[in-house]
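By written order: A, B and C. Residues from 1 in each chain.
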Amino acid sequence: MFNKLTSSESGRGLLLISPPFFYALLLMAFPLGAIILFSFWTQNFMDVDTTFTLNNYRQIIDQPIYGALLQRSLFVSAVVTVVTVLLAFPIAYFVSFHVRPDRKSLWLFLITIPFWTSYLIRVFLWKVILGYNGVINTGLLNIGLIDEPLTFILYNINAVIITLAHAFAPFAILPIFVALEKIDRSLLEASRDLGENKVMTFFRVTLPLAMPGVVAAVLIVFIPTIGDYVTPELMGGAGGKLIANMIQTQFLALNNAPLGAALAVVAMLSVTAISLVFILLNRRWLRGRS
Amino acid sequence: MSLRIYAIAYLVFLYAPIVLLPIFAFNDATIIAFPLAGFTTDWFGELMTNRSLHTAVKNSLFIAVMTAILCTLLGICAARAGAMYRFPVKAGIMGFIMLPLVLPEIIVAVSLLVVVVQIFDMGLSNWTIIAAHVLICTPFCIAILNGAFQNLDPSIEEAAMDLGESRFSAFRLVTLPLVMPGIISSMLIAFTISLDEFIIAFFLSGTSQTMPVYIWGLMRFPASLPVVMALGTILVALSIILLTIAELLRRRGMARAGVKDKGGFL
Amino acid sequence: MTALITLKGVNKYYGDYHALRDIDLTINTGEFFSLLGPSGCGKTTLLRTIAGLEDVSDGVVMIGGKDMRGVSANLRPTNMVFQSYAIFPHLSVAENVAFGLRKRADLTKDDKARMVDDALAMVGLSGYGKRASHALSGGQRQRVALARALILKPKVLLLDEPLSALDKKMREQMQVELIRLQRHVGITFILVTHDQEEALVMSDRIAVMFEGEIGQLADPETLYRRPNSRRVAEFIGKMNFLRADVLQVGDTIDVDVAGLGRVSVNAEQAPMALHKGAAVAGVRPETLAILFEGETTQRKLIDGVVDEVVYYGDMTYYDVLIAGVDQPLNIAMKNLIGRPVLDVGTTTKVVWDERSLVILA
């Protein structure tokens, strides 16, 4: 049977792909399944009661704090996504269309370096920049531009949004860049030849063709930001905590893993639902235009 | 070109926080604020003497090295299978393996915590962190190695076999040297990601901490902030060096295979 | 003529797709043999089953009298030049050529170096040993691939569309060089190509393949003059086809050919078994001629009107309409000195000879 497997191309391919596949299955699908299972159980201190119950979900629906937290988290993620993608598009466009081909890797390299350094440290540095006695405030005070330190830039949602937009920038830039690179430049020339100016060519040809990259960028930023825990914890203040912090609290501080699991499930479902809606809307929009 | 100005401004925005690190790591003050107070290397000195930091560093290095090796091995399997073979449900399987890229880290951390502690009742250790890191790093390794494998002429392994080599020695003598820059790149990137990773390590570290978790602890104390700056400077410098090496290797790999550089590891 | 390679009843399936159908084939030692056919006909698949890079689903492949079942590619006495040449980019030219010698413990380093030099000289690349292989031109790469394969002294050299990546001039040059090389080395060459001119120029025998089967296996002249089916006739060279009615079959065959009238042809002009009734007569453009003003001939003539003229420099191709035939006849005329190029619409006479007809079912 092993021989049969190794003798055909598809057999060898399947054999080769099985270690990474089963690893992902074991460490992703299985634990996710466990989380879903856990959300239907209850925990008292260290004991876990495995009788099936919907209590956790009821708790989430009944108590307004969870709904509010989820809403706030989805809102923040959405805003971060919009800001990040909007800021990212021009730079992806710049590197794809205005940079010499042999310089492109250099730009991409420069753009991605900050991303590879410690996330924790970068968040911390934003705290330093935006703080009451931080770099911006002391700098502006010194120059004399302001009389008192600005307070709206730290320990609230704004700080969270700025920090996350910074952290996820390359996630947004790269997919858009890849999509823009794939566009056949002669299509743009054809559009100009047929009478469109630069701006209209962008909206009628470039943007629709870059859409798959934009969609990928949106998803790559939106989905992980829901799970971000560090930024809200360090920068959010009391009013800036998000759903991930609550999940962490339930798991580690309050020893209520089932509730934490239920929250995680609800968060993931919301994110998946929103993403699917986004993808479907996008397909319809693209089809409607052509 | 206004777009160029925007691009430069964007780069400033990206690098602004990082640039602060060396500035305040050498600043002779305990408060991180302007104006600057003078030059000192005291904070770096403190790093040298800190015992718990050394343990955390050792843990982090061990985890990062193991992660890099395991990830790269899995990545080689996946990239080779993707580039050289056709098999049923290929797109689905490859997509599934890349899924951790879009999973929020907290979900990964939390679900593994549940499985390891509650279900299997095992203790948390470096190996649980390694397991989780391998899960999230493998997609990156695959992305890099995909590039390396796809640059190969698919017939060269067959040519090697036709000339007398077995399947495995054809891989060893012909394919492996050509993807080696990609392999090293992949290991460096996985190493860097693992070294810097916080959320999963935070959830899954038992008694032993990793470096980011240690830094998190330090952040509670305002007095130790400059030391954090010093540590951060070293970490960032290290990451940048490793990444530059990875990038140079990637470029060399492409030159060796005689392929033109189209930009980035995508 | 000793048979070196024998294929009996070879079938190959890819899932449901029947790529090779009951192939029976014998290739002789020292022969330059070609597998010719359009894309997808199975010629490359057949080559790869001989090389051992593909298994056969059914049937026997024998090389040198030995059954090759279960013998993997690296152990067969064959070597292949791949379509992309498959030069190892990380090795120099000399290292590429010496690649297959790695396992030969009986050879010293000096032996190997000498063999590499000889091989490079044989393909006209003396002195290229130290060059980096990724900096070579297409033609040079192909020669390296040849040297690399021939240095191992295989019994059979397999070539998978080796000239398709080269430009026209390079291709013609390499065709001559490959013939010379084969004669010099004296081993069997099996060439896969979709270019019928190439096959005609280089081969001792050609197997024309369509959809997994061998349509006709013969030497170039037989294939050209006596194609055994309309398909082969259309694939090799240009051919005019006329409706025909077979009246009598015997030692000679009586046929009524549209536009030309009743003719009697030899049995060998009908390569396939014929029955009375509808058939097709094929006639090659160069076997027809236009009778210019002032010329005379003993042969048969037919009136016609020039419909299209295509000037090629050394030849002019005329499309001429004759009575009783819808499609014009294509006629190839050499542009001799003093010969005019006729205009469209000119009435003219077409010279023909029934000995050049091929009657196909």
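In the analysis below, a residue touches a chain if its C-beta (ideal position, glycine included) is under 8 Å from a C-beta of that chain, and two chains touch if they have at least 3 such contacts.
Being a predicted model, the structure only gives us computed values, none of them experimental.
If the chains shown are joined wherever they touch, the resulting network is a simple chain of contacts running from one end to the other without closing.
Here B is the chain whose Cα centre lies closest to the centre of all protein Cα atoms. Taking the mean Cα position of each chain as its centre, A sits at the greatest distance from chain C. Between the interfaces B-C and A-B, more contacting C-beta pairs are found at A-B.
For the pair chain A and chain C, the distance between C-alpha centroids works out to 59 Å. Centroids of chain B and chain C (each the mean of its C-alpha atoms) stand 55 Å apart.
The mean-CA centres of chain A and chain B are about 18 angstrom from one another, to the nearest whole unit. Among the residues of chain B, none is found touching two or more other chains.
Chain B contributes residues 1, 3-4, 6-7, 10-11, 13-18, 20-21, 24, 31-35, 73-75, 77-78, 80-82, 84-88, 90, 93-94, 96-97, 99-108, 110-115, 118-119, 131-132, 134-135, 138, 142, 189, 192-193, 195-199, 203, 212, 215-216, 219, 225, 228, 232, 235-236, 239-240, 243, 247, 251, 261-264, 266 to its touches with chain A in the complex. Remark: chain A residues 9-14, 16-17, 19-21, 23-25, 27-28, 30-32, 34-35, 38, 48, 87, 90-91, 93-95, 98, 101-102, 104-105, 108-114, 116-122, 124-126, 128-129, 131, 133-135, 137-139, 142, 166, 169, 174, 177-178, 181, 219-220, 223-230, 234, 244, 247-248, 251-252, 257, 260-261, 264, 267-268 touch chain B in the complex. The residues of chain C lying in touch with chain B in their complex are 51-53, 72-75, 78-80, 82-84, 86-90, 99-100, 102-103, 134-135, 148-149, 152. The residues of chain B lying in touch with chain C in their complex are 153, 155-156, 158-166, 173-174, 177-178, 256-258.
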